[in-house]
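Both complexes shown next keep subunit A, but they swap its partner, so subunit B is in the first and subunit C is in the second.
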Partner chain A sequence: MSRLLNVDNLETKFRTADGHLPAVRKISFSVDKEETLCIVGESGCGKSITSLSIMGLLPSNGEITGGSIRLDDENLIGKSEEEMEQLRGNALSMIFQEPMTALNPVLTIGYQLREPLTIHKNMSKKEATKASIELLDKVGIPDSKEKLDQYPHELSGGMRQRVMIAMALACEPSLLVADEPTTALDVTIQAQILDLIHELQSDIGMGVIFVTHDMGVVADIADRVMVMYAGEVVEVADVESIFENPQHPYTKGLLESVPDVDDVSQELQVIKGSMPGLNDEISGCRFHLRCPFATEVCKHKEPPSFEVTPTHYSKCWLQEVNQSGQPDTIT
Partner chain B sequence: MGNQTQLLEVKNVKKHFPVKGGIFQRPKSFVKAVNGVDLTVFEGETLGIVGESGCGKSTLGRVLIGLEKLTEGTIYFNEESIGDLPERKLKKYKKNLQMIFQDPFASLNPRQKIGDALEEVFIIHSELNKSERKSQVQSLLKEVGLKEEHYDRYPREFSGGQRQRVGIARALALNPSLIVCDEAVSALDVSVQAQVMKLLKSLQNKYHLTYLFISHDLGVVRYMSDRVLVMYLGAQVELGDSQQIYNNPLHPYTRALLSAIPRSKPKQKRERIKLKGDLPSASDYPTGCPFHTRCPIAQDYCAEVIPEWREIEENHFVACHEV
Partner chain C sequence: MIGLITRRFFQLILLLFGISFLVFMSMHMAPGDPATIIGGPNATSSDLEAIREEMGLNRPVLVQYFDYLGNILQGDFGYSYQTNQAVTEAIITRFPTTVKLAAASMIVAVIIGVVAGIISARKQNSWIDVTSTTFALVGVSIPNFWLGAMLILIFAVNLQVLPVGGLSSPVYTIEGMKELILPAITLGTASAALIARMTRSSMLEVIRSDYIRTARAKGVRKRPLIWVHALKNALIPVVTIIGINFGTLLGGTIITEQVFAINGIGRLMIDAIAARDFPIVQGTVLLVAAIFVVVNLVVDIIYALIDPRISYD
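== the complex of A and B ==
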């Protein structure tokens, strides 16, 4: 599969009263065409800021201070607002967690669906209306024609999220960024939406960045997984390796602290402490304060990203121990 | 289960909220948030209540500890009827019935120190003097895994997990016998969620507490609960031991709910039971079985006859015609 998105050494900072706080610390990753990359982590790990950086939608006090984001070999950093507007909703699309705050409450569903089509595809109103009906059918909204004249508040949460998806997919984007799109939904509705995103992805052949904190959702939808902690990528791997052979102690902790519905006897593991703040300067590995395996080197020296297999990387000193043939300490 | 003491007995409890309209603001219709629940809660157990948003699980919790007035039905606490007591008489029971909320920050005064907020409980409900109250609060803080120095801090200085610990300390202050945990760990990150669940379990063992554990997260409920009640649109659809509900779900809604949870096992595609459509609005309550509009095995008569609440096997109750 060919490369769609390449993020290299991305650094995003926020200007605050306490100075410039780094929310994303020099991270690199890529997404292939037709691939789903899940970004997982807890609140404050930088996963949403990463996706907003790609979209060029950072809040006014946030700025990208280094690195590059290349979509089909075109650097998105440094593009003017007009140039980004040409891309957003067209080649790049995003769906958000709370469709009610992302949809405009005083405009009809039809108006909001036609907008990307008339702007990016130069369609007439009539053509756009026809295309909107097809889009609503595609995302499984019944009575699509009548729905065009309704307002967001008249729809249920699941239906609103379907409308958001229809809008995002109107121009058949090459990259879809989905930021916790199912978190606010009930499980039965979540299952419907996950299936829908999966189906549409293979239809359109787009790459998807799916941001979530739910490991169950990750197992369901991801091809590859990127685990973030305190602004850094700590582990990247294909989805099977993450669940069957996790390497980073944080990934392990994350997996073991989720109660399993199918297993009563499970002993829940706890990651001690809580996520550090953006302005906490931690020397060495940013996880060492909470890590059960932390050694002297972890306190002083930041670990590089070690290769476990060609598709699996872990940013942890334990890998060095493993690779130099010393006893395996993390089983 | 037979030799356990009953703590709470709930009979045919209903809570309907009026929807007002017209110039005289007369009730036009009713939202049937809780529509006939029969339940016994035993001392020392954790009863999980699950269901999707709008199923009435939170309203049921609030009704049971007297935060909402009953529309119909009776509640017995230690064999005394408390459902129809006036506010004044309810006060002495409120000590025994406590609640932990989803967002403790919303229930804390941002300008009040944590220590002062917790002390208020003792000012209202006890006759301790100032220094006794302070030492009580400090031992409470330690009990929930906080430190004495947290006494003088403000809510904003606490992380989400620490705030929930404050919420637990407040609920624990008066040695209650029953605590309703309403989505108590839902807003927390998984690593912190596990810490708080473990804390709740150890406190339960230590003080012989009874929990009503309300959550939409079926994994969390399984970890916490001895028995589980599944609700749908204000009605109880299935009740049983955790084992029975999770290993042998009988009601089609419970089955669909369990099959819809994404499992942490990649590439192991499970057959999902797909439910059509959305939850009907509780103000436009379906006739017959409340679930018939979305049920994959619904028959004609399901739309007309309300299914009976039947005991299928020991301690395992279901409301469905087709089981």
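== the complex of A and C ==
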């Protein structure tokens, strides 16, 4: 499989009253064709900003200040707004968290669905309407023809998210960025939407970046998992390794804080403290203040990304201890 | 929709009853006696008494009011004390002039206001935005009579490119257009400023909304993004402002009509108040009130056209 997306040393900052604050701190990752990469982390860790950086849809006070984002070997950083417009909705698509507000309330479903087709595929209105009906059928919306003349408020949340997915996939993108697309939906609808994304992914053969904080969703759909904390990638691994052999104390903390419905006596673990703000400069490892295993070195020196296996990396000094043959302190 | 219109129609009738009562009472409580104006300076007290007797002015006020009400219901709004012209006729001859002025001002205000508001929002904090918001602030702050006087001074007296006043030529003639320019700017500036400010803030809010981000994620180009996706949403509060302003413009042309010597409803009203010409004052105030209600109804109907989420059924 060839690399579809290569993000290298991406740094995104926000202009605020307190100066330029980094929200994403030099992160690197890649996505293959037909692969699903889950970005996991708590609110404010930079996962949404990472996906908006890829799309070139940062809020007006945000800007990419370093690194590269290569889609099919083409660097997206430095592209003009017009060039990005040609890519967005075409090779590069995104679905958002809030289906209730993500669709334009004063335009019909049909109008909004036809748009990517008329913009990128040069379809006439008639052709686009026909394609839209097929798209709605594909995402499982009944009476698709009538739905075209309806407005978003006439549809339920799950239906709206299906419309969003249909819109995002209209031009069969090579990369889909999904920013918590199921968070606002109830659990049964969530499962349906996940299945739908998975099914369409294998149809089109696209790569998916799936942003979530729900470990259940991760287990369901991820091929690989990238854990983010305070603007950094702390651990990357295939989904089995993340669940069965997590290395970074933060990943372990995340997994331990997931309730187990079968274990009534389980006491839920928490990660002590809270995530640092964007402007908090922390020396050494950014997690050491909350880490139960922190040592002297963690306080002063930023850990590099250690290779656990060729597909598993952890940004933690504990790896050095492990790799240098010393007793394994984290179990 | 038909339900809404019927409902509003009955509200209008109730409202007009209330307003007619208030206006009637306040006119009769105000100092000044129409008999002295009709009789002239040389009338004796027995002359005045005779006039009051003839016009029914010495009967109890409530009796006079119900009498008036009875006549209104038959379509008779009374006759001017000064000219003996029927009130309906006086209004019908003057009303088109005022509508022309108000409409011209509104067109000026909407075009300038909406365009300036959109540009301001698109280029937030740029020099265009700063200039436009400054003008908007100045625009709402300038009193009408001063602006009118200054415009006359500059364009009519010094440059002599536009007429000083009057609004008698038909609109479709060059003369008619020229007559309309200064009064329309005078009357429309404040509304333009208000509309510009409203459009700007509403647009800024819409531009940051989720659905605009969705549209951008689809690759929608800048122009359709602003003019299709954003504007329709941003216009909803702007329509309210336009509606309220249009009502105010129609009723509030008094000062502008005075400054430019235009014979519209505003002048009719102010002359009638000065002359204690009760029937004319009552007739014009009722008209202005009715216009307000109708304009508000039109605004509500426009809402439903712009925003599919609003339905009156």
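Assume the second predicted complex is superposed on the first by the 331 of 331 C-alpha atoms of A that agree within 3 Å, B and C clash if a C-alpha of one lies under 4 Å from a C-alpha of the other, contacts with A are read in each partner's own complex, and residues count from 1 in each chain.
Convention: contacts are C-beta pairs under 8 Å (C-beta built on N, C-alpha and C of every residue); 3 or more make two chains touch, one makes a residue touch a chain.
Everything quoted here is computed from the prediction, not taken from an experiment.
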item: Partners on subunit A (subunit B, subunit C) - clash or fit; value: fit
item: Subunit B versus subunit C as contact partner of A:222, first or second or both or neither; value: first
item: Touching partner for A:302 - first (subunit B), second (subunit C), both, neither; value: neither
item: Touching partner for A:63 - first (subunit B), second (subunit C), both, neither; value: neither
item: Centroid geometry (CA): angle subunit B/subunit A/subunit C, rounded to a multiple of 10 degrees; value: 70
item: First, second, both or neither for A:187, with subunit B first and subunit C second; value: first
item: Which superposed partner A:240 touches (first subunit B, second subunit C, both, neither); value: first
item: Dominant toucher of subunit A (residue count), subunit B or subunit C; value: B
item: Which of subunit B and subunit C A:172 touches, first, second, both or neither; value: neither
item: Contacts of A:275 with subunit B and subunit C, given as first, second, both or neither; value: first
item: CA minimum distance (subunit B, subunit C), superposed complexes, angstrom; value: 7
item: Residues of subunit A that touch subunit B when the two form their complex; value: 42-43, 156, 158-159, 186-192, 194-195, 213-220, 222, 239-240, 242-243, 253-255, 257-262, 264, 266, 268-272, 274-275
item: Interface residues, subunit A side, partner subunit C - complex; value: 55, 57, 59, 81, 85-90, 93-94, 96, 98, 101-107, 112, 115-116, 119-120, 151, 153, 164, 167-168
item: Subunit C residues within the subunit A interface of the complex; value: 208-222, 228-229, 232-233, 306-309
item: List of subunit B residues in touch with subunit A within their complex; value: 52-53, 159-162, 189-195, 197-198, 216, 218-220, 222-223, 242-243, 246, 256-267, 272, 274-275, 278-279
